[in-house]
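My questions will all concern the structure given below.
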Amino acid sequence: MQRGAEMIAWAGAGLVLAAVTTMAAAPAAAQTASPVQIGLVTFLSGPAAGPFGVPARNAAELVIDAINKGELPAPYDNKGLAGAPIDSFFVDEAGPVTKVVQDFRDMVERRGVAAVVGYVSSGSCLGIAPVAEELKKLTVFFDCGTPRIFEDASYHYVFRASSTATIDSIGAARYVLKEFPGIKSYAGLNQNYAWGQDSWGDFDATMQALKPGLEVKTKQFPKLFAGQYSAEISELLAARADVIHSSFYDGDLESFILQAAPRGLMEQSKLVLTTGETIMYRFGAKLPDGVVLGARGPYGPFAHPGPLADWFRKAFTDRYKTPPTYPSYQMANALLGLKSAYDKAGKAKPSPTQDEVIAAFEHLKFQGVGSEINMALGKGHQAITEIAYGKYKFDEKTGEPTLTDIVYYPASCVNPPEGVKSSDWIKSGMTGAKCE
Amino acid sequence: MDGTLRALAVAVIALAIGSLWTPDWIVFLATIIIAKGLVVLGLMVLWRTGLVSFGQALYYGIGAYAVGMAQLAFGLRDAFLLVAFGTVLAAAIAVLLGFLLARYRDIFFAMLSLAFSMILYGTLVKSATLCSTDCFAVLPPRFAGMAAGGTLAKNGLFWLTLAAATIAVYGVHRYLASPLGALTTAIRDNEIRVEYLGYSVERAIHIKYVIAAALAGAGGAIVALAVGHIDPDSTYWTTSGEFVFVTILSGAGSALAPFVGSAIFEALRAYATAYAPYSWQMILGVFLLLLILFLPQGVWSLFQRRVRRAAP
Amino acid sequence: MLTAVTILVDGLVYSSWLFIVAVGLTLIFGVMKILNVAHGGFYSMGAYTAAWAIGLYFNAGWPPAGSYLLIAAAAGIAGTLLGLALERGLLRYVYHRDPIIIVLITYAVFLILENLVLQIWGVDAYLAYQPDTALGTTRIAGLRFSNYELLLIPLAAAIGGGLWWGLNRTRTGKILRAVIHDREMSLACGIDVSRLYTVTFVIGAVLGALGGAVTAPMISVTPGIGVEVIVIAFAVVVVSGLGSIPGTIVGALIVGLSRAAAVHLWPEVELFVIYAVMSAVLIVRPQGLFGRAPLRRI
Amino acid sequence: MTALLAVHHLNKAFGSVVAAKDITVTVGDGEVVGMIGANGAGKTTFVNMVTGYLKPNSGTIEFLGRDVTQLPPRAIVAAGIARSFQIPQIFGSASVADNLLIALGIAEGGRLPLWRALRSRERLATVERVLDHFGILAYRDQAAGLLPQGVRKLLDIAMATLRAPRLLLLDEPTSGISVEEKFAIMDTIMGALRAARCAVMFVEHDMDIIGRYASRVLAFAEGTIIAEGAPAAVIADPKVQRYVTGVPEAMRRAAAAP
């Protein structure tokens, strides 16, 4: 016992020494300017891997290969980041925030990456942002939605190349009121955590702001990954709301539709799925026509055609045998934003420093896959994009899932002006929104 | 001064000084390891009594949220005070719940504590004021009034954690050697005899429960300060499960065991998730299985030269 | 009125589901005094096997009727294989260990099974909706309910009845009850407990897999479904007083109805109503509803 | 002689089974009382009620003039009544010495100091002395769980005596012990207790042991006391022979002859 205890003590001391020596090597890794090492973080395991993590990882592989080979269409047809090839690796986002932060520190301080691109969960993003600032490391978020990141704080090293989740809700509300002007009531079904609560909150507030006096029949908040929604569906059937809003995604969304469709919920109420695009290819005929789908931005079927978008869709489908969904687009755009910043800074002088890249990234307007991305908010660190919604239509003849009545809302129509919090902007009736 | 305490002294000094030349990410990792070790130390005290709590995340979470709320409510920034607050709050709540839980044994104790932690989880996820699952940021702490900067920012929290761990280990070590501490295994063996020797088993368990809770609260508070972010996951049952896992892994051999176990676990998970993202669960499972089958007294028994007289 | 009816129907459906998922746990605990966390693994294995088999079946274009047999078959095969492997290969070597340690052993097995699922079927969700949709719906109080879900009620009743019959009318069952009642005594009477344990564990495993297989058509089968189920099943079993099958029926009803009531009347608490009920019951009856406090012979 | 224990009209029923019917007993200081009776006659129930393991349905138990009827076991122990068990209640995973150390730790004042170490030189000395009294010093370092039955019994009783009780109830101290050892063990026990100078009530089936050690005998049958008095008289009582010993006088004498 005694001896054993001392062994531990020495082991502990040894660990520290070992650590010190390992550190001797670490900075060396950080110094090497080319190639540019990038850490990519997304869900590789757990329920979120299927719908978000893996599509994003595939997109990253595809785009990084193309960047290194210089195969991207203009304006990205030059090789690498400011000429330097990208050397990247993946890290699993699954696990509590503690672990996610641990991994981030490991990437930055031990592996000495030049930049980190990733994060699906808003929890991760809110946890990482301060750490990125503390460690002074360029970090680009690609999918997480909460507007709080740049509204509650301002960051020098953190960027987000996709819009906040606010535009999903505002867009959904605008679309609903435009397409179904006669509605008297609506209801909500959202997962019981920040994502679901915020999505509903923004949608509800926008509806009340745009058309006061609409009745809220019921708002259901089942547990995340509950899987069983028969009781909620009964409640929604009984409520007979004209419109049902849901920010469900992945397995929960699929389970809900499987359980709701046969019970005729969609015949009785218009269903609005803010992230529905991710499942339309998987569901085909199982998804009733007329369901309103969104893609958290001008992505997937909403992407504006063009050399870049067409290349991405084709290359992705050829390589992974399934069309890209919005997380793929968001990841691609995060990387393209990084490339644009590097190239812009690189024009001034070769192999730019991190601060030069950041300076170039701020307030950057760049061509993203599907639409233009404008780093307009959060002192030039938060992107704004347009948002689009459409109605699902399964084409019996071709067996192709398609969208009808697609409406685009420009960024200025669904994003608050700089310095205004999304929630306040919505309450104020979205003053100054330019929708034409 | 016996071996455990000598080992404690050596380890603490080595780590405290060594950390000056250690890269941040290792210091951070060490902070997390020791903080979680504190939680496990508490579970170890309960486990010696034959009690396993599947809800210790309740107090881990309370410690963490105590830090966040103390910062919001009374602008408390001092690391020491924040950790103390988390510890005391956890202990206070344990004193209350203890009156109830001290009456329960084995699986009922485990499940009732689990239920309590899950109720807290539910309320936290539900509460917009605590920003539900994602917005609770913790401000960087101050140390004795000094705004954290330079070495202090880097090592201050680690040193604080070391200090907390030192106190905890010393305390638990002395406690286990005391008459009341001896009641841990005694109660597991035979409650009736304890009652007929004239001591209240409920009271003994209540005390152990509070000790465990206080340690969990301290651990939670430190982790919150280190990570700078709080979310309800810290109160979810899987978090409790992880702590139980580490308790078994460590073994109840010594008050130092939990920290060794915690270090091994974090290392194991770090590598498993980094290099086998699709099969880290399996690796953990297999590891736990082998451990239980071939190392029933936990990794600590590897370090024990003398086999204890009465093997439980 | 409408709400009352829907609460009743939803509650019964959910209770039946809970019973089907939890009864295997009860059986194993009742006989072997093992709280089997791996039950969650049986559940997801059953769900994936069924979903995968159903997928193949309907791609082959065969009539829906057969798919129900397929569900049962999938559960039977998956459960038997897992149960046998686990009991024969692992558990029988650790029966002498501290019950809590056995819980952890099954927890380790659960982790491994969860991952096995991932290895075999990948991260993408599986859909096996056909058996559900094929049955159509029924109108109750003006609301359409899925017949498949309604059928869970008779199914649960059948399983409960079957177990009752098995335990009270068959020879093995009577022996089992003897073991449940007094293990030492039955050992003394020369009952081959080891064989009984294998039988019991396999039945329990099959019931666990059945829970998953039956659920598969209602949900999108994704990684991690076992985690969510296991705690809920535990709650039911603990509320019922551990190891009592009538208790499990009552426990499932209480939990199921209170959740349905919460969804319709007070959605905010749905998240933790199950645990609230559980603590309430345990506070009032520390041994659970049907549990007996052990009086130690001195 | 002052009444140490005074039990009045004690009744206890488990459902329809009457385990104690109107039991009234007084025990004086330093008395050694034997309790006989067939299995299920109510001896252990009586012991359990006096030591607080069971609560009587009616009746009172006074110890040193204080009503202890409703007290929990630990309070009764604190009041000065200790007991041993038919099935020895010991800390199986601890060593014999540690068993006594723990008992001693508790015995020294109900509330335990958190910081003073249990394993002190003085306590170890006391423990060894007690072990020596009970003649089990040789087993000091063995795990209690692995002891032979006789030693368990002695350890169980030794732990009960550590708190210097005024009254000690022994539930079948010699059950499960071979006939050869019985007397030796009883001698040890009684020797040790005489040193401890406390009254003893012990349950016993062996009439010879009763005859040898008890100064007074209570004969139980169907939950009530059917005879009470000096051993010889009680054993000779025909009622007792019918209900308890079940052996004719002659045979008993023959058996008793050395």
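Note that the chains are named A, B, C and D in the order they appear, and that numbering of residues resets to 1 at the start of each chain.
We adopt the following convention: contacts are C-beta pairs under 8 Å (C-beta built on N, C-alpha and C of every residue); 3 or more make two chains touch, one makes a residue touch a chain.
As the structure is a prediction and not an experimental result, all values here were calculated from the model.
Undergrad: Given the touch definition stated above, what is the smallest step count connecting chain A to chain B?
TA: Step count on the best path from chain A to chain B: 1.
Undergrad: Of the other chains, whose C-alpha centre is the longest way from the centre of chain A?
TA: The most distant chain relative to chain A turns out to be D.
Undergrad: Of the chains shown, whose Cα centre falls closest to the middle of all protein Cα atoms?
TA: Per-chain C-alpha centroids ranked by distance to the global centroid put B first.
Undergrad: Just the number, please: Cα centre separation of chain B and chain C in whole Å.
TA: 33
Undergrad: Between chain B and chain D, what distance separates the C-alpha centroids? Give it in angstrom.
TA: 44
Undergrad: Take the average of all CA coordinates in chain C, do the same for chain D, and state the distance between these two points in whole angstrom.
TA: 49
Undergrad: Measuring from the mean C-alpha position of chain A to the mean C-alpha position of chain D, what distance in angstrom results?
TA: Their C-alpha centroids are separated by 75 Å.
Undergrad: By residue number and range, which residues of chain B touch two or more other chains?
TA: 125-126, 192, 278, 280-281
Undergrad: For chain C, jot down the residues that touch at least 2 other chains.
TA: 118, 268, 271, 298, in rising order.
Undergrad: Using the touch definition from the top, which residues of chain D touch two or more other chains?
TA: 85, 89
Undergrad: For a test of understanding, state which residues of chain C touch chain A in their complex under the given definition.
TA: Counting only chain C, the residues touching chain A are 2-3, 6, 9-11, 13-14, 17, 118, 123-125, 127, 129, 132-133, 136-137, 143-146, 149, 215, 217-225, 228, 259-260, 263-264, 267-268, 270-271.
Undergrad: Please give the residue numbers of chain A that touch chain B in the complex, ascending.
TA: Residues in contact with chain B: 1-10, 12-13, 15-17, 19-20, 22-23, 26, 44-45, 90-92, 94-99, 101-103, 105-106, 108-110, 121-123, 126-127, 130-131, 134-135, 146, 148, 152-153, 192-195, 197.
Undergrad: Which residues of chain C touch chain B in their complex?
TA: Interface residues on the chain C side: 35, 90, 93-94, 97-101, 103-105, 107-112, 114-116, 118-119, 227, 231, 234-235, 238, 242, 268-269, 271-272, 275-276, 278-279, 282-283, 286-288, 296, 298.
Undergrad: Touching residues of chain A toward chain C in the complex: what are they?
TA: 45-47, 49-51, 53-54, 192, 218-223, 225-228, 230-232, 234-235, 237-238, 250-255, 258-259, 261-264, 282-283, 286
Undergrad: Quick check on the complex: what are the chain B residues that touch chain C?
TA: Result: residues 50, 52, 100, 103-104, 106-108, 110-112, 114-116, 118-119, 121-123, 125-126, 192, 237-238, 241, 244-245, 248, 278-282, 284-286, 288-289, 292-293, 296 of chain B touch chain C.
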